[in-house]
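Read through the structures below before going on.
What follows is a pair of complexes built around chain A, which joins chain B in one and chain C in the other.
== the complex of A and B ==
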């Protein structure tokens, strides 16, 4: 079991020794069971921290803000930022390292093991409780969740309400960390590509109309992009409204701005945005599932990314986020790479 | 403010036959910003070019589009014309309406429409072009030749005679290559060593040739005109300046290993000289054979004890020598196909089944038998010898699909020379067909048949096995359909010619391509046969394809001439359409650094930086950058987008 006390202790130590600039973890929203990211700046605030099955947020994307802040400030405080990460989150740190977006000592990592469970999917929980309102959602013993409803305790088998990504997780244990809490217990992921198998069986035109339906709902609120630990570009190629204009931007560059996508959320523009994003995440997406979770119109974005993940694995034996020293997927070429799919 | 001129070429009927060129010109004249449009029968002709020059001057054009053939053909022509008219050459672009339009379509109205779209796209591109100046680099006036066979020797001599320095790198202890192992050479039957050794001596005495034997190329970086090469000089443990060739050492060396010069027919000592006329004239200690080299074993040191001049130095260390060169000639030659692949012919099993080079050694006056043809097994003179051609060649199913080219000729030579040595013997040759294209080659084969009574049997051999001291050869004569059985005393296999061992690693270091069979790939099979795809690297000899001596020498001189064309210049010019980093978009992820095939990009202070001299403008970086932060000048995503829009009529 991950001990919350130990977590607090570690965070307190890191803050009071001045080792970290601030610490990002999770805290409850009001008195409810749901959680949100918490920025802890003082050692005495560590009591706000929680660790529950509702800590599904990937906090790594906050490193982008920190990086931008540092670039702006004259004399930035360059101490590392502290983060709580799960297995999937830790892999996204590895990708950032691989892409040299951050350096290892920019971040102080407290890794938590998901042990025999993971994080929950709220929709699944609600369905399971069938209208009952949970007061608390906690880790149970040995592969279960403990939900308090009407002051009653209900044990739920983890697979019943686990987030889809946890069901398909290749490593439920942090692969990079300064401190690790909890035990490294291997949970057999079963079929790692279960969620896409139904879609892979669709005929091409069927798939096309499926995605057309999905994308026509997109609001282009860009929540998916904002939450993504990999979407850190200052100017996204899909942006047509805002782009980074700095002192270095020349008039020529400004004139040469390409508008690949119009701002209006029409189907053609939405498709362009999503396909570009999917391609740009190939070999980079660690399947933290955040984009799908935050989408207000429930577009199943994981399917796209999972498919790319599978292709990378099957075609090139490439696994994302396990080794910060390996070259990124699209930047590595080996003589024995398969070529038979090139027609 | 944009003033573009459009020039539509008929290319005789090549374009005008399928595309309504007048209509293309008329439509383009209406395109916004086009102030001049005309068509002409041959734009590349002098009058055609003059039309462009005149229009630029008179109409004050600021950009030019020539709608004609592929830019690989006349881009330079039209850019030069543009320059002559006082406009920056990079303000001129080609719209390819021949290869990409007229040649691939039939229906005139549609082809015309497509030609209009293509040209419109290029108009939109060219008006966004920057005026660029060529990048220029100085040239290192020195050549590297890799491989010291006859091809490498010839290339080195030609380049050095023209006044440039040459570094000749040979991996074995002596230059000479396979030619030094041959007895007499077809079609004239002159002694191979006699014509080769003067050239070897010339190399060793040439003031501008630096010979590096027992050395290998370890790393190559840089680009045409400015390659940086690391050469590994392996220790020979013998100081060639002190060695007097007294040969005392080999008399005391206790170790005997197969002699590669005699193709394993004899043995040599761990300390050895490959052959008496070896260049450099010195001994080498074979590290792998000498027990003195293993730190676990008791050092023997017998050779050092008897070496009066004290030439032996067990402490010699491998050395890395770094050199700068402007051009490289690769002449690494061939090896014979691995004979163990031919179990059905009993090679390796029966001592009297030989390959062609072993037979050359038997024929050679300096060979193991002093030029007498004797069986390795019992030293008796063979009276019936079967020669089998195309062993491993022309066999797409099991071995190699190509023809090894030289085997027909050397087999005729072998059979003929055998008859010259053994007058009462009989030579049989199994062949698929005889390929004797070459000056005096056909006559040579006829001589073997008519004057020397060599029996040519058209067909394949299925098996060779031993029976009662004889080698039984089973074959079919496909002309008569009869089964043939010959009880032979010796069998000689004309093994397929393969690229020399280690060719693929060397090709990787040089970043040059191999063809499907593993030989070095030429840039164009007809028009650029001595060039590799990488500029500044040239090919010579059997490394590019099986070749005989005259062809190898001819190609070597060709490669030398190509290398000299580079070395004779003070500066090389390089296209300025190279990649540029948009620094504020670059996050320094380094993906472009790893994908660039020319190693032109590095990370400096967290941002990508392009070396304009190394960059070939291929655009690979641009395709890999997730942020469009690296773009090829005059072909940015913006250019591409505007071209697409114009093509689609948007």
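== the complex of A and C ==
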């Protein structure tokens, strides 16, 4: 079991020794069971921290803000930022290191092992509770969750309410960390590509009608991009209003920018956006599932990410996020990469 | 009677091999269907997935990317990068539900005028029965 006291102790140590600039973990929202990211700046604030099955947010995303802040400031405080990371989150740190977006000493990592469980999916929890309102959602013993409802304690088997990404997680403990809490118990992920197999088997037209329906609902709110630890570009090719403009940018330069995708959420533009998103995350997405979780219209983005992850593995033997020293997927090749599709 | 459907194929041809191959087909007066719109690029490795998506969204019925044979790239490795990147693009497009015939890759060297003209014959033959590509087309 990950001990919350130990977590607080580690954070307190890091803050009071001045080793980290500030620390990002999780705290409860009000008195409820849901959590949000917590920015801890003072050692005495560590009591706000929690570690529960509702800590699904990937905090690595906040490193982008920190990097931008540093670039803006005259004399930036260059001490590392402290983060609590799960297995999936730790893999996204590896990808950022691999792409040299950050340096290893920009971040101080406290890794927590998910052990036999992981994080929950709120929809699944609500379905399971059938209308009852949870007061607390906690880790149980031996691969269960403990949910307190009406002052009663309900034990739920992990797979019943685990987030889909956890069910297919290739490593449920941190692969890079300064301190690891909890035990490295490997939960058997079964078939890692289970969720996409039904879609792969569909006939072409069935697949098209499925995706057409999904993409036509996209609002292009870009929440999926905002939350992604890998989407750190200052300019997004898939979004014509996100061009970086400085005082020196001339009107002519602005006019000359290629607009690959138009702004309006028409089906053709939505498809373009999603194709670009999927391909730009191929070999980089660590399946932290955040994009799918935040989508207001529930577009199954993981099905796209997972497909790319599977092809990278099957065609090129490439695993995402385990080795910060390996070259990125599309920045390398092997002489014998498959080419049976080439005429 | 309605005219037979003629597919429009956007072909990204690398300057050093495939473009020269297409040229050879031309100067040798080989015949091939006029359905292809060639776009010369410096290297198949410079073909961004965005080019492919963009061609489809502008209404191409088929897209071809062609470069030098492995080992022959003018820039040594460009076609190896293209092969890897565009394999992923192809898988993605088919997963979304685009007919596999609509996105193709080939290796055509500067001496393969015959191969190029045959390739275009074949592509046109495969694309005709599919009709116009409307799935990704911008239509507003």
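Everything that follows uses one rule, which is that the second predicted complex is superposed on the first by the 330 of 343 C-alpha atoms of A that agree within 3 Å, B and C clash if a C-alpha of one lies under 4 Å from a C-alpha of the other, contacts with A are read in each partner's own complex, and residues count from 1 in each chain.
By our rule, contacts are C-beta pairs under 8 Å (C-beta built on N, C-alpha and C of every residue); 3 or more make two chains touch, one makes a residue touch a chain.
Values in this document were obtained by computation on a predicted structure and should not be read as measured data.
Judged by the touch definition given at the top, the superposed model places A:233 against chain B, while chain C stays out of reach. With both structures placed on the common chain, the touch criterion links A:322 to neither chain B nor chain C. If you count the residues of chain A touched by chain B and by chain C, you find the higher number for C. In the superposed model, A:260 lies in contact with both chain B and chain C. Of the two partner chains placed around the shared chain by superposition, neither chain B nor chain C is touched by A:193. By the document's definition of touching, of the two partners only chain B reaches A:99; chain C does not. Legend: residue contacts after superposition of the two complexes on their common chain; A:330 is shown touching both chain B and chain C.
Chain A residues in contact with chain B (one complex) as well as with chain C (other complex) are 237, 260, 330-333. Residues 49-50, 53-54, 57, 70, 77, 80-81, 83-85, 87-99, 104-107, 119, 122, 135-140 of chain C touch chain A in their complex. Interface residues of chain A, counted against chain C in their complex, comprise 199-200, 204-212, 237, 260, 262, 264, 266, 268-269, 271-272, 275-276, 278-279, 282, 304, 307-308, 311-312, 315-316, 329-333, 335, 337-339, 341-343. Listing the residues of chain B that touch chain A in their complex gives 128, 582-585, 587-595, 603, 606, 624, 626-628, 636-638, 641.
Per the touch definition, chain A reaches chain B in the complex via residues 99-101, 232-235, 237, 244, 246, 248-249, 253, 256-260, 280, 327-328, 330-333.
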